[in-house]
């Protein structure tokens, strides 16, 4: 029982980390029909900028909880700069091309950003571990957890609800949903699809950067952190159904729990637990858990 | 009306619904060999659902479909095509990046038992001649080497029908063969189709909205309304039916 | 496909370009051999990008650049005070190791055949070392592997042109277990966390085997294998906390190790269990006070803060620190330095024998085989693998945050003689550990 | 062009490359050998791509071909490189034939992701298999050809010649297949799979066979690669490797098999030189090169000479 609780808690913490990043990925796919490999690079950039911002704030004497604001500002800043820049001046050149071509464009972007990050921040690690201690420790199921981990769960829930609410309960959100449903129909109904693309992409970037920014205190920020997150996020949104927000949430929880169960019960299987889940879902429900059918009609 | 003893197509008690929408209910239709049967009805009346069930795109919730006495209910479209039911589409279903001749060659290769060679030229073995002949029948041989994307809509429509003939089907289903053709050209177009089809397929079911065309070409007419057959008989009989007038010919064109 | 393979124009153009490339190359080849007497070209392959860049790749590059600059000025202390290699200026060609073994094989060929380097010093990843060693052998070109850990290279094959000038990973784990035994660390139960690839798997099995010899009663609890670059260790830390063992062993390195420590320390696991790390000196400077006090660490040699106080080491340690703005040299910088010093010794020994000409790869190989030379990390002896594999002094110590000096210091250092923690020649590492370390010579303090 | 002319042109091309090889320096011989070995894998992607699907798991069959050939060498003592290549090809083709029918049910991005997932599971299994060297992989000594060991400069040339001939013959076969009825049917499936089904052909079986052909070519490339490289490791099945194969196929465009080899060669050259001249920013150089090609040659390198019927920019955007 205690083991089950531990698996549940570990799985949820991991899932919430994944969810924030995967949510951005699935949103961008839903609206722009792009599987953005460079999403991981923006996660990394979010982490780097957050590290720099927190350090900057600290140098102004704004420590403690101000660090959280610094991290949030970092994510917003990355999104506002990189989102329009990438969407307007790069991706837009390739709209209408094959999905695979767009995938490769983002792969090229990933390569470019990897080196760009290195040119800006060098290879030395950055640390901003102070915020990790902000919420103290919490005992749960006879284990100690860091309060920050629970704050991450809160962040994921807030992000999920905010995005869901913005899409389903606001006028502009409904416009975005209309574009997700049918780009052509929305355009013919007078929706400014270009604008929707840019907003959705920027929001997606924001979520990637936010994931990176709030992970920064838990890791040493250095080259190479973008690769692993992108593959796992892909798995999450494929399991959940490309373009589906509920799917990203369920996918993240499934991946988180599968991984936690593997680590506690069968550590030697951790490496491919995620891919096995992904393959199984694709075989039995190729469209993901929350997606309309896309397998051959006949 | 040809009065063979055994029908080519025999559909009995077909039912299909999508959620609350009933697309077919108790549809029973028999088509004798050599008959030209026309299906009429307003949009959503169940004509296309019937065609889709016969060609295997939809599986009926209930009922059976037989081709020459053999049950084909629920088989895949490709299996049904191999057994001899071919169809054309309201919106032509073509490979628009291929030329007209290549589209025909695809249809011919699909029709031949050993048509899918790994090596042989698709045009070899007289297939190119057969492709030209079919294109010629529809008067589109001049466009043979042009990609479909450069062909006008009317020609695409004809090519779509020509492809359905590659197999010399036992039963040919034409979904609105003259839709998209202007009113004054409908008769010449239908003449051309019927002439081209003759000798390649004799039993034909077609969907049509223009009542003049229906009168001019059908041996028999079946009217659909709300998933049900409301009238079945000679064109004169069906088109003068009060219910048909109210729900079909008088209402939506 | 809608068209023929290649109309003649495309083909001719391609052929023309290839011939032009070939011609340019031949000219380049002739030109470079004319200057060959004055310079010695060394290809240096190290991670400049990817996850290993920060911890190993770039420090190695800095170490190589520092040393080569000093050697070219003749500024190194005796016996390394001759300019360059035997009077020849050293010309480094630095290549990124990131990108996988297939790429390394290709780049190694390019270094030898296109860039005409006289020797290559490189490779941090074991996979890369395994892949490139036969290539150098096949091309009959001189290759020094400077860092990679796997014992398989010279245990599974024998080479004439390939050398490794640093000890393999076996000594890391044997020394760690010996240190624990010598300090009487309570290790009745232990848990492990290692990356799920060769380095982690091999380190894990060496450590388990060494523990079975030195702590035969000990039982292993959690045995975790997160994937390389996982970044998130919350679940693993829960598992370690649940296991609550006396000792937590890990061969994690770089960003993974740093993340593991950052996430594990607040949850108290390192207070309840003694943390022992097989290769961790490279994270002391970046982590600073975040490094848990009392952690038992190895450095893959007597390096950095655990190095011996010799004039050569003092020169290197201070010179490097000064050049790098106060960052002192650790493992990778030491290892590339000992490789280049070994190469220098071999070149000069070969030149003494051949009348001062630039040595051929065969002469270099003959000179380096079985050689011994001093390095900042101590004496390097090419004793294993028929004189192709080095053994060296090993050190283990405990960390402590020194608030006054604002840096992590290492205390309670114990140095192990090379032959105490390395197998004898002609014995495989795993067999040697499982047989109870036959022939180990531990009585001489290795200083 | 008739098929006879095609075969003659291909034979002439191969003969010319064999002659050119005599003048090439060894590093370039090796680079071309690997470019050809990798190129043929991307040709396999082309076979599937013409039917409208893109496999992101070509690394899987590449690895299967490579491991099958490598293990035949080290475990069974088979040293003849031609036999090894046949073994690698056959092993990958068998796997392709087994999973092909399953995968052929999927379309679009789902097909790509399922193939990706399968190759990543294979990668995970390989990393966990110490018997085949785990993540470090293992080495394969130079093989023999007709009883002669392939060593030194002569061995490099022999491998180059073998790579040119084997991939050249395979690519010619693919080109012929493309012009066959089955090849035409594949293009028709890309254009309108629904109609193809209504004509009586099983899209799934055509695609399954195409997948098997692609797998065989992947295995061929894998076996050829390990014979030349002398090393194999699980990264053969890693997603970045698969991505590279897709990249080459897209760079080449779907018009020409030859373009695939040119794209493969271009990628190897750009990577090799940028790694040397910009060791700190070679990934950026590679990324910019790829972006430039996608932007300025939207239909791929092959469109430079094989752009028949591609004059109208709007073709392909319309669906019936």
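Every chain is named by a letter (A, B, C and D) in the order it is written, and numbering of its residues begins at 1.
Heads up, the rule we're going with is that a contact is a pair of C-beta atoms (placed from the backbone, for glycine too) under 8 Å apart; a residue touches a chain by one contact, two chains touch by 3 or more.
Bear in mind that the values here come from a model prediction, so they are computed numbers and not experimental data.
Trainee: Both chain A and chain B are touched by which chains?
Mentor: Per touch definition, common to chain A and chain B: D.
Trainee: Nearest chain to the global Cα centroid?
Mentor: Chain closest to the assembly's C-alpha mean: D.
Trainee: Quick one: point me to the chain whose Cα centre is farthest from that of chain A.
Mentor: When every chain centre is compared against chain A, the largest gap points to B.
Trainee: Once every inter-chain C-beta contact is counted, which two chains account for the most?
Mentor: Top-ranked chain pair by contact count is C-D.
Trainee: Counting only Cα atoms for the centres, state how far chain A is from chain D in Å.
Mentor: Each chain's C-alpha centroid was found; their separation is 33 Å.
Trainee: Just curious, how far off is chain D from chain B if you go by their C-alpha centres, in Å?
Mentor: 43
Trainee: Go ahead and note the Å separation of the Cα centroids belonging to chain A and chain C.
Mentor: A distance of 36 Å separates the two centres.
Trainee: Give the residues of chain A touching no fewer than two other chains, as numbers and ranges.
Mentor: 114-115, 118, 268, 271, 297-298
Trainee: Quick one: which residues in chain B touch 2 or more of the other chains?
Mentor: 76-78
Trainee: Tell me, which residues of chain D touch at least two other chains?
Mentor: Correct list: 127-128, 179, 183, 194, 197, 280, 282-283, 309.
Trainee: Can you list the residues on chain C that touch chain A in the complex?
Mentor: For chain C paired with chain A, touching residues are 48-54, 57-58, 196, 222-227, 229-232, 234-236, 238-239, 241-242, 254-255, 258-259, 262-263, 266-268, 286-287, 290.
Trainee: Taking the touch rule as given, give the residues of chain A at its contact with chain D in the complex, in rising order.
Mentor: 35, 90, 93-94, 96-97, 99-101, 104-105, 107-112, 114-116, 118-119, 231, 234-235, 238, 242, 268, 271-272, 275-276, 278-279, 282-283, 286-287, 294-298
Trainee: Flag every residue of chain A that touches chain C in the complex, lowest number first.
Mentor: Residues 3, 6, 9-11, 13-14, 17, 114-115, 118, 123-125, 127, 129, 132-133, 137, 143-146, 149, 215, 217-220, 222-225, 227-229, 259-260, 263-264, 267-268, 270-271 of chain A touch chain C in their complex.
Trainee: Taking the touch rule as given, give the residues of chain D at its contact with chain A in the complex, in rising order.
Mentor: 54, 102, 105-110, 112-114, 117-118, 120-121, 124-125, 127-128, 193-194, 197, 203-204, 239, 243, 246-247, 250, 280-284, 286-288, 290-291, 294-295, 298, 317
Trainee: How about chain D: which of its residues touch chain B in the complex?
Mentor: 3, 176-177, 179-185, 187-188, 190-192, 194-202, 206, 309, 312, 314-316, 318, 320
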